[in-house]
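The structure under discussion appears below in the form of structure tokens.
Going in written order, the chains are labelled A, B, C and D, and every chain counts its residues from 1.
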């Protein structure tokens, strides 16, 4: 076998200074980057339709889509005035009142891509976020009150609101979910922490037809955020009851009762399941409550499925009972249908996008193709928008703190200076320029400065700038001074080369290639990184088995830490790249997993647990403290973030109207959900 | 003859049974199960499935049972002519596969016909005119076809199609027929969409077949019976077509049975790129999401088709090769 | 009987000479032999021929197009130089563009200094076949352009040839040996051995390759180095490749068993092995050569498929397949088509192996 | 010989044009075939015997080509045609193959296609040259099989070659060669692969058919025994050249060329077993590309002189119809 090891490089590190290089490129400074981004004309202002909450300004006469008017005429549907709630959601569209009709063409990647349309149907959430992502606004529910002690949360529904089959939507649907779905141990074996602050289960109580009360034993001020966030309790029906999930706070009881043993008998529902081709009633229920699979399921969103997701085309059609109207009295949505066409490969989807095959597409669009996408704007009759995100890092190296298979490796992974040195050894500008085309912000994993939980601008650079000399000095000092003949640092136990494995899967961004670049950069600090690309399933299994050294992912969603903590701190065993055994310990209340010996992690947990019972100000303070620890400890090494890399390269057909120049690109905004596609329309 | 048939069918049944076991083992090799894959996928989309829920799902889908129990249940289904439920699609496997199997077979057979239609004449030409300019040109094109990955080729065709001809290549149906029920117009539409994927699918196979046909025929052309046939006064064309080509074609009969899984394997990536509704992407997908019953059923179906294809090709071989028919060769 | 031994020697020598003569007359085979030899030389001296460290990433060099060499200076003297480049990303199109820096030219020199390496893994040196004066080569020399990470394509190609031409071939050889051996046994002995081998082939062939790869690749331990993983994956690919050949060989054996010259050889008391290798194998050499020349590209292409399954190979295991897989995206087609050049050495080597095979076959031809 | 020859070959040169150089497989051969007579062509393998036969039928494979010489065939209609001037795959040449000249090849097994019945291949020959009904063709084929001594020909006609013994196959080959009633039969090593008894039977058959049909037979062999038994005239070839030519009696009783002498010396007695092989002649045949200068036989010749290495000997007439090409008989200063 030939010698495949990397060539001897020791001198290169010393020689490689860009200044000496005749290939000169104007590497952008941050200020220059901002100016350039503005010059590109691709980054606009956060905007969206305006919600009119003053009933005095609501229209009194209603119109409907021609396709529904026909059905009304045929007697198949009640007139529009009877379908709209007495208290509708009223939108003043971004630019103008739209026109009815048209099919919104979009791409999806298969039955696993439910989230694709979950998000455009996101107005089935009880509460949502304003267009800029900063304020909680009404949605399915029109208002809420939180008691002073933080233990009671009262929610007011819209009078006269109906499911997509015309049945009334009331407080009973919340109670049904709470008692018959969430309360059924066979469906949901373990209660979610979302409903059980400090492990003490809460309750849902019907006050009257349109009033629901959530009661908790301990202060739970965070709950208002939970109800608006993309959480198990607040996510809404489409996302939380598809994909075999059983959360989301409410369910169409009048429809789902027939599939539950409680309302007939176990034999009966099982027999029905067998007849319909399911193994048992539970499998049948998982199918029946999934809006993407079951076309009969009553829903609340603007569109409902008419051809299920397990087809080459996933077809949605307007919900005739949708609860929102525009200021002119037109029932929304404007567009009749959403047609999602299967494109199983990213290259194909991007190619079709260039051909103008999609009317609006931000999902599955690859930022590395930006120049090509821009080139084809005229040909494809679309415009490209860049929606910058708020999360600190689109590519983060999560260092497994609970790793134990190799004590020598564990020793270094859990050494703060080792992690800091790794971080100092990364040239983030290079990554930014190569993979983000220079549009990202390099630095630590802390959220963007505009976010309330940002700990302060100085934490962006904490241990997160290129400093090879300091990194080498730190590594020398902690006991890794010895190197082998090729210039790589060696293990202290057996003198062989210290090999750190980076597991990278192809997702969101080309993580394997990015890891390759990091690995190359680490040569200058004498660290050998082996990049392993794996099939996703295999990789996550290895994570769960606590076998990984470093796992690469993004930290999307962490900009609102409490709503989506798992990409930042080890609390959720389903995704805890920075310490699966620690997350097990946390989630199981100390009965499983491994107790951390690092006081910083214990402190993070303390701050995190405490926050649920704090008001907004206190919560944000705790989050800032957590971020400070994370930036200082470098459990996750941030690289480049606040970029459009995830869901932020948006292609919009020039035929569409009421399109925001920038939409909130964040997990809690359900991009493009809170830009309310029901207000978009085809101009011609 | 009858005894032979009975023996072969018996062997075929045993082989299929062995395939079911091998399939199940292979699909169990990767760590984790469907629920793990499901949780991983949900995570990637930002959805948390708790450990408890995962356990409940495992129970609902019978994944908490041992592999052999799962296998036994699957076999019990098969005996009843069912194939169980796809975990991911939440529907019976047969329903999920639906039209895809027939479209796959159609596409594969089309590709095979294109392959043979191109490869055999070229192979004959290349052998008869060995080392001629034409032979070299075909050799070169063939190897270029072999050295360019299907994926890249499909991508280039699609890109060129878009940039140069402004047409969007891909899919087997135009958008207006995607959802339509079967009709003559839809069949016609399908016919219009088939050539490009068929050609791409056929390209690598053609190069391969050309090489093998050429090699076989070269061996045959050197045999004395060709000289005697010539000496009998036959025209050169007839000499070659009747004797050596006939002999060189013989080995191909035995490969017919394998063409289908071979073409399906080859079509997976092309189907993914060109968005063809064949079983290929479904198979790939079921493997990634560890949708056991869907994956194993697809493999089993291909296996059955292969085993019977092999049986048929052996019978065909018997019919066309007198040496085998007359028991000269076992 | 010294007279007869001398005679035999003449006969043997002339037989060898005969093959050599026949081979020599096949000009293309001769050229191909030189090409194959040249590729192996390149693989052997890969680090010397590469002028830039093939893993050295640098965003300022991303997607540089192949660079022209100026062969003559203004006075018409032979004086090869390259221009230093100035790169810039257009803020509106986000495209990178490179313009020659007119004041900055670099002389091309033979045996210049570059990155350090060990020749044959032993001798430390930094001499490279090509270099540039007063600069490091990776800052000025991009004969075939660079990839997204700013790595020099030429140097990577050269280094990848090492893997593809050695480990890659192991798989081909494996499937060849397995195919001929098992096919031969099956055809020669018949009976239950034949039935079993035939069923195994049937089962292996009825299962599409992708699940087999995925299943087996998942069984590769986590701690293995990239080279080990590469080697194992090659073996996995070859494990499936032998069946076709085995079936053909079996068929040929069955047919040949009946033919006169085999019977004659058997009557003459030749041993079975001798019959197989002296008489049977040569008679279907054409097929074997065709099969091998087909297996080689299949092996390389298979690697590109692996990345689809998330089993992609990562450095330092770079091979042609890995490089080819890197080129399979829209931005390459649109912005950096020169990355497709990777297909070229693959095609050249395959053609060379093929013609070499043809030449050898013709030379050893029993009917010739 | 008073009667006019049916086929006369004059100064035939067939060369193979390889990249490496030219192989002169047949390098100046002349002989005549007469009805009712047998010409034996003898020599070691590789001496150009088979190429001569293929040249006559114009089925020399590429890169071989007839470069000069004439092959004059007196056709059944009385006209005489030079075969070297006909297009190889043309109608006339095809009608001559099989129709006027039949060929029996040396390997009876591989000379028949295993995928077709012998009847199929036999009838094909008849159909090509005769305008007969299907049934008549079949009847004639059965008759032919009967004629060559195949038992139960009506059944055997539907057999495959591999179902027959070697002797029967060779009989089928002969039947096939004679299917269209040619007047010339070229038998290329017809008995090599057969056992002794069968060999004798096949030779008997050829002799019988020759008498019945007044055939001109060209018998190619390396076996002097067969020549002694069958031939009227003999051509001895070495490396594409004829070294000696004459009536069989003269060749056997008064061989002039050292090569002929050593060929004969290699059989203990002319009257010995016909199966005796050509055994040891010193050295082996040189490779065609390494063809020696001067007399091609000189490296192995026991009687060589210096001149043999330089000058190619011309043919010398020794007696009536007896010529040889050897410096021993020329008047060249030694």
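Heads up, the rule we're going with is that a contact is a pair of C-beta atoms (placed from the backbone, for glycine too) under 8 Å apart; a residue touches a chain by one contact, two chains touch by 3 or more.
If you're wondering where the values come from, they're calculated on a predicted model, not measured in any experiment.
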- Message: Touching both chain A and chain C, which chains are there?
- Response: B
- Note on the structure: Comparing A-B with B-D, the one with more C-beta contacts is A-B
- Greatest Cα-centroid separation from chain C: which chain? D
- Task: When you average C-alpha coordinates per chain, which one falls nearest the overall C-alpha average? Tell me, please.
- Result: B
- Item | Chain centre separation in whole Å, for chain D relative to chain C (CA means) | 50
- Query: Which whole number of Å gives the spacing of the CA centres of chain A and chain B?
  - Reply: 39
- Task: Find the geometric centre of each of chain B and chain D from their Cα atoms only, then give the gap between the two centres in Å, rounded to an integer.
- Result: 53
- Between the Cα centroids of chain A and chain D the separation in whole angstrom comes to 89
- Hey, what residues on chain D touch two or more of the other chains? 107, 110, 162
- Note on the structure: Two or more other chains are touched by the chain A residues 347, 351, 354, 535-536, 538, 542
- Mark out which residues of chain C touch at least two other chains, giving numbers and ranges. 214, 218, 258, 309-310, 328-330, 334
- Listed in rising order, chain C residues that touch chain A in their complex are 43, 47, 53-62, 64, 84-89, 91-95, 98, 101, 104, 106, 115-118, 120-121, 124, 126, 135-136, 139-140, 148-150, 162-163, 166-167, 214, 217-218, 222, 225-227, 229, 231, 307, 309-317, 328-331, 334-335
- Item | Partner chain B, residues of chain C touching it in the complex | 28, 190, 194-195, 199, 202-203, 205-212, 214-216, 218-219, 244, 247-248, 251, 254-255, 257-258, 283-284, 286-287, 289-291, 293-294, 297-298, 300-301, 304-305, 308-310, 324-325, 327-330, 333-334, 340, 343, 346-347, 350-351, 354, 365, 367
- Query: Residues of chain A touching chain C in their complex?
  - Reply: 1-12, 15-16, 18, 20-27, 36-37, 39-41, 347, 350-351, 354, 368-372, 374-375, 429-434, 437-439, 499, 501, 505-506, 512-513, 516-517, 519-521, 530-536, 538-539, 542, 547
- Of chain D, residues touching chain B in the complex: 54, 57, 59, 88-89, 94-99, 102-103, 105-107, 110-117, 121, 124-125, 128-129, 160, 162-163, 173, 176-177, 179-180
- Note on the structure: Given the complex, residues on chain B that touch chain A span 30-32, 36-57, 60-62, 84-85, 88-92, 95-96, 155, 158-159, 162, 166, 168, 170-171, 175, 178-179, 272-275, 277, 281, 285, 288-290
